[in-house]
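Below is a structure I'd like to ask you about.
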Amino acid sequence: MNPVNYLYLAALLFTIGASGVLIRRNAIVVFMCIELMLNACNLTLVAFSRMHGNLDGQIIAFFTMVVAAAEVVIGLAIIVSLFRSRHSASVDDASLMKL
Amino acid sequence: MENLIALLVAAPLLGAAVLLCGGRRLDRAGHWIGTVLAAASFVVGVVLFTDMLGKGAEDRALHQKLFSWIPVEGFQADVAFQLDQLSMTFVLLITGVGTLIHIYSIGYMEHDERRRRFFGYLNLFLAAMLILVIADNYLLLYVGWEGVGLASYLLIGFWQHKPSAATAAKKAFLVNRVGDMGLSIAIMLMFTTFGTFAFGPVLEATGETSEGKLTAIGLMLLLAACGKSAQVPLQSWLGDAMEGPTPVSALIHAATMVTAGVYLIVRSGAIFNAAPDAQLVVVVVGAVTLLFGAIVGCAKDDIKKALAGSTMSQIGYMILAAGLGPIGYVFAIMHLVTHGFFKAGLFLGAGSVMHGMNDEVDMRKYGGLRKFMPVTFVTFGLGYLAIIGFPGLSGFFSKDKIIEAAFAKGGTEGWILGAVTLLGAAITAFYMTRVMLMTFFGEKRWQPDAGGHEPHPHESPKSMTIPMIVLAFGSVFAGGFFSIGDRFLHWLEPVTGHDHGHAPVSATTVTAATMVVLVIGVAIAWAMYGRRPVPAVAPRGSLLTRAARRDLLQDDFNHVVLVRGGEHLTRSLVYVDHTLVDGVVNGTAASMGGLSGRLRKLQNGYARSYAVSMFGGAAVLIAATLLMRAV
Amino acid sequence: MSATAVHSLWTTAGGVTSAAPGDRFTAPTIEYAQLAPVLIVVGAAVLGILVEAFVPRRARYTTQVFLTIVAIAAAFAAVVGLAADGYATKNAHIAAMGAVAVDGPALFLQGTILLVSMVSVFTFAERRLDPAAGGNRVDSFAAQAGSVPGSDSEKAAVKAGFTTTEVFPLALFSVAGMLVFPAANDLLTLFIALEVFSLPLYLLCAVARRKRLMSQEAAVKYFLLGAFSSAFLLFGIALLYGYAGTVSYAGIANVVDGSVQQIDPALAGTMGNDALLLIGGALLLMGLLFKVGAVPFHMWTPDVYQGAPTPVTGFMAAATKVAAFGALLRLLYVVLPGLTWDLRPVMWGVAIVTMLGGAVVAITQTDIKRLLAYSSIAHAGFILAGVIAASPEGISSVLFYLGVYSFVTVGAFAVVTLVRDAGGEATHLSKWAGLGRRSPLTAAVFAVFLLSFAGIPLTSGFSGKFAVFKAAADGGAGGLVVVGVISSAIAAFFYIRVIVLMFFSEPKADGPTVAVPSPLTMTTIAVGVAVTLVLGLAPQYFLDLASQAGVFVR
Amino acid sequence: MSFPLLTATAALPAIGAIATAAVPAARRTAAKWLALAVSLATLVLAGIVFARFEPGGDRYQLTESHAWIKDFGVRYELGVDGIGVALLALTALLIPFVILAGWHDADPLETNSSRWRPTQGFFALILMVEAMVILSFTATDVFLFYILFEAMLIPMYFLIGGFGDRAHAGSDENAAAQRSYAAVKFLLYNLAGGLIMLAAVIGLYVVAGSFSLSEIAEARANGSLDMATSTERWLFLGFFFAFAVKAPLWPLHTWLPNAMGEATTPVAVLITAVVDKVGTFAMLRFCLQLFPEASKWATPVILVLALISIVYGALLAVGQRDIKRLIAYASISHFGFIVLGIFAMTSQGQSGATLYMVNHGISTAALMLVAGFLITRRGSRLIADYGGVQKVAPVLAGTFLIGGLATLSLPGLAPFVSEFLVLVGAFSAYPVAGIIATVGIVLAALYVLVLYQRTMTGPVREGIGSMPDLKVRELAVALPLIALLIFLGVFPKPLTEVVNPAVQHTMHDVQKKDPQPEVEAAK
């Protein structure tokens, strides 16, 4: 069958995630949107993996999850420390440095 | 013998170097060194002269090449001298009169603490002037040409603390530079036409090129001559040049330097002969200046300025004569020499008068000086008679010949020129008489000056009077000596060539006419200044008089057109340079800064807008890639 | 090598399933020796964590510094050894079952990265600059990154003389990632390496001792944008995988140049044969351009460079660029040579806007670190010009430029750490006025770096720039060269501005002082100067090195 | 392998510079003497080079050639032709005077600053510039030349910006601002030019595959190198732009007045008399030799620019109120003459241009340095602040006048020879250009004499009365230069015989023949 539908879905998810990054202020939400984009990638990978009938895609998907997890660790650490020192998780508040 | 030629120049040059570099320790001996070296140069000149007389007319020219000056591919300029009869005439005049004026200056400059430097400059002038007249090519002549210009600049501005003197000096140099421009262009033209600018080759090859070229060269040479010899339209500097010490006026601005133009034209005779149009212009210039100078001379109350006008006018005669071609060359030079004597004499006389009158120059404050300074009176008087062409004296012969030549030019041209020269003679008689009367006759008109001490006119010291006497002799006898048996003619003919032309009127008629106009001129002058006392303050006078007092307004013209215009031009250019040329550059820099400032705003510190730019970038990237494949 | 062999590092080869259960398992062949540089560094990093766990606090700093330096030195030795064994040239091949390439560019870049990280680690370890806190010498990292700035806990930590010695293992991890990045030979390895060197950097950005708020802000921005970009990169990887059915560079390359037909006809029918390839390639490209800080993916650079602790900035600015450009080169030369003509205009555009944008915006900067950030952007543009010159000469010129640039950068930032006032480093340009009068030597050194950035002859910057432009011109990118020289002219303006400020303007009364550093930082700076001058006067040897190394294995 | 004389000549001042810079702060005077000694030693070496050079011999002599950067096809190639040797001599000759004239210009105002060592730096930088200039006059490898051409800017930049003229108008910080503006302007102008040239240099390599003049000439000769016309023109423009900025040619000149006005007088002399000559020199050696066709193609435009520079520069000089700016604009006019001579492409023109470079160097040095002595005495650059100087300081006035007369190229002084040659050369090829250029002579007289009149003559102004006359050190600067001016004015043969063959080579490069005089042609 034609995997194109999966691709459309993935693309949609990816775009939603991306636009979320562009629109939302809260760092956590932004971060979650990025996770969503990663998931879109995973979906694509798995779909293609099936299409090509080899496992690479799925393997990569697993790696992606691991990486995502690692990112969560680091990301949360940073965001939390930022929140603690500013009492706000808004990415827009963090704009000391400009121009 | 050739090797002596260099000595002519070397002696005064040495003097200049020693005196100018010597420093104060030479202050006491300086003037003697200068005078001796000038005299030495004169002696060398005489030796060479006698040697020359010993030879046949044709092989009298001597030639000495010192070294190759500017050897460049296809361009050979040598430092080489050529001494033929023409040069010799000038050498004797320059060194002779020069030496006399050195002697005169010893007395005249006695009280000036910078006398040493004055003599240094005088020697420098002699050297340059000698280079001018004995150079064997136009480029070396150019060196002398500008050299005398420099010397004249230094000497006119000798009393530099007087702003007027400094300005006059600058003016003289600048006007001369305009002339020099002509000379350099002429040399370039010669180079491109003949491939050389040595007298010999150029003057021989004139037949091989077009008349147009020669006319161009001729006109350029004439421009140079106008600058140096104060001919219209470049005459404006001579009057102001009288700011210089009087010996300078006598030597440079009467006897020698200002006549360099005549030398140039006569020397380049071959070129002018082949370019009638150029000759015509020369004649016109001469004629105009002749009258111009004469008129100015009539109106001036400053004795030196009056004489300056006269000089201008007399040189006008010479240029006119030179413009007549072979008919006039010899007489141009002859008048030049005689003029050298009597005009120098007149100036020295004027100097002597000023010396006795606390440097007063206004003739309206003189009067009746003949009692106080007899020697000056007599010598000045003889010079006066000579210049107005009193029968038997130098001026009579030389000027008469020119007038004849003018008629001999033939055709209407001849008549017009003849008329002009006659008119000039009349005016000359008028203004010289005027000077004579106002200075030495009538009642004493001098008052105590601002300081309260009234001048005590007295005769000048020997050192000054002796040169005057010698020159007076010259002014009396030179003309006769030259003319009897056409000595001078035969002497110069081999160099300049001669042609009697065809006079429509006989020589005697011309002479008679001259006498008549002379009497008229003198008479009018006596009527105006001899019979009734001269007013101590100048009357307003007619329009012409007032114009003449202002050098016929040409200074005003220069001021308005050149000076003002120039100032505006430079000022506006400075502005342009600052705003436009520089502005463009600074503008780009500024605009770059502005752009930077605007782009900088994009960096607004919001992570999300950064993300936007990334997203957009990605979109563009994809689009572009797909597009590339599509097309 | 066959497609199966390539990705069989991840999937145990299907070929052997029929064999007896006993020997079902065939271990993948890993050439540990050839991976030694990476392994050493990673090992040291892990060791570093254990040190943090078990070594008493007093001893940690010393231990960590020692460990790190030794590890890096050892890794470098390994690189040299490999190069000596000709792995850079004749023996170049793909190791670890196709995951990692061991070839000239890889080794050259790894060597550069290791040296650069060595000197930057020196600045990490610098403890003389900041005034002693709580009686202990302290470096430029927070006493306790976790505690809120200005809070009691932080005060306590400071009094206790804590220091964040974790930075060393973090740095090591990051270095490890960077070592793999340019050597990665399949997209997955590329991705992993990317994350491995990025994540520690995010953290390192956050742990400045002074100006912590800015530091944290920098970290957040860097992290979010970095993650964002890596998402794009990953999507690109996915699409390429979809197109080629494999993630190994060689495999993809084969598909691209049509020697192997992989794509599903039905899919091709719907979205055109190359759409996946092109979009995927573009996204991949974008991920890498983000890391090198090319316009318009550059906007994180100034903020992060300014906010991060200066030693980290130096490290990041130098090493990241080297690694990222290495990967970019390999991608363009090994995977997508077939796409050269499609990507060229895009690359041209990016290169041009990067050169001009960086130079122009830098003119009006007022903070020295931001200034250097923008200058780094402009330089990225210059390097891109070399990357675009699709020729071996282009590769070697880029390698050379990277080497040159990284050392100058580290040196420059090291100098920045020295100029301090009460508030820590005085990075505002106005404070640098008259520095030349107060401490001529420092100013002179910095001036040398600036001139090298500006590409004045007799400095390494010029040699690099010349090499790159020459390659570009040879590669038919004359237009880029012209733009390059124009933007260099613009760039010269702001480098000169700093020099004017330092030498020709009167020093301010409350101006900053120049702290006297320990031999560590001194070494860093000295190395920077030495490299600048040597590569400026006699670059031949290193050019040879680069040109020998300028061939990618496929 | 004979002794590398040229390298030695360049290396000596370089080493001297480092040594001078290393002199401890307290030993200021020692540094000065060291610098002077080094420059004199360099002069000796340069003299040896001049003596060893055989006018009749090969085009490039005393050549050295070593591999340098293989990958860039760059060799370390040195060699001098007549033009190079003349300018080399000029440089080595002027530097001692520059140093001597700047003896006190870099003494620190406050002596307490122990680490800031302006004096050492000043003289070290001057020597460094000398080294680079000498090397650039002898480089026969385009890349090597380019490197020096650019690198030279840095020491110059510090000389201009770091050591301002103490006699400035207005307040100190105001002056500092103007100074750094001038320095930055100087650097950016020249850097921009240089970078454009860089593009052209790279292009040249792409086309010719070599940087060595000899190799390129060879390739051109045996036809293995054929540049497309358009390529050659682009490359030519790239090179020429850089040189025109350096020269400086209208309208790229505006950096010069600022730089010369703000810099100390010796540095100003260094700029016009020495460094800018590299620009005109390079036109002659590189533009004409590498791109003969393009040079001929561009000639009309360049001649126009040159003429504009001549007249425009002179007119602006007339309009200046500031002595040093006046001399700067005068120099612009003179550079116009040099370019005119070069691109007239006649033997006289090019020989004239080369002599002009030398003579202008000496005459400007004489005028500018004496002007500097004047300015330091009065502490003002404004012409209006002077008057009647010759009454109180006749020697100063005299030397100043001679310098001025040289600047207006009075016959008998060196500049006349070169100026006239340039005029003749230009006239024989382009009569109109020649005539327009002669206007420059008149204007030159104007600005020089106006300057002299306003400053030296007239009643003594206040503030001048107590002005001392030239001191021994200053005489030691002025007199030799004047002597040289007179000598070369009367006997330029030593120079011309060195220069002529080189010019013939260039003429051959551009395949131009001198226009035959009409009469000769007739025969």
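Chains: A, B, C and D, in written order; residue numbering restarts at 1 for each.
The working rule: a contact is a pair of C-beta atoms (placed from the backbone, for glycine too) under 8 Å apart; a residue touches a chain by one contact, two chains touch by 3 or more.
These figures come from a predicted structure and were not determined experimentally.
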item	value
Which of B-D and A-B has more C-beta contact pairs	B-D
Centre-most chain [mean C-alpha coordinates]	D
Geometric centre distance via CA averages, subunit B-subunit A, whole Å	97
Inter-centroid spacing, subunit D versus subunit A (mean Cα positions, whole Å)	65
Intercentroid distance (Cα basis), subunit D paired with subunit B, Å	37
Between subunit D and subunit C, distance of the C-alpha-averaged centres to the nearest whole Å	46
Contacts with 2+ other chains: residues of subunit D	188
Subunit A: positions in contact with at least two other chains	18, 21, 30, 91, 94-98
Set of subunit B residues in contact with two or more other chains	589, 600, 603, 605, 607, 611
Touching pairs among all chains present in the structure	A-B, A-C, B-C, B-D, C-D
Residues of subunit A that touch subunit B when the two form their complex	18, 21-23, 25, 30, 91-92, 94-99
Complex interface listing, subunit D residues touching subunit B	185, 188-189, 250-251, 253-254, 312, 315-316, 318-320, 347-348, 351-352, 388, 390-391, 398, 405, 410-412, 416-417, 420-421, 423-424, 427-428, 431, 434-435, 438-439, 441-442, 445-446, 449-450, 453, 456-460, 490-493, 496-497, 500, 503-504, 514-520, 522-523
Subunit A partner contacts - residues on subunit C that touch it in the complex	7, 10-11, 145-146, 148-149, 187-188, 191-192, 195, 199, 202-203, 206, 212-214, 216-221, 223-224, 227-228, 231-232, 234-235, 237-239, 241-242, 245-247, 262, 264, 266-267, 270-271, 302-303, 306-307, 370
Touch list for subunit B against partner subunit D, complex	20, 67-75, 79, 139, 142-143, 145-147, 150, 153, 157, 160-163, 165-167, 169-170, 173-174, 177-178, 180-181, 184-185, 187-189, 191-196, 205, 208-209, 213, 566, 569-571, 573-574, 577, 581-582, 584-585, 589
Subunit C contact footprint on subunit B (complex, rising order)	589, 592-593, 595-597, 599-600, 602-603, 605, 607, 609-611, 613-614, 616-618, 620-622, 624-626, 628-629
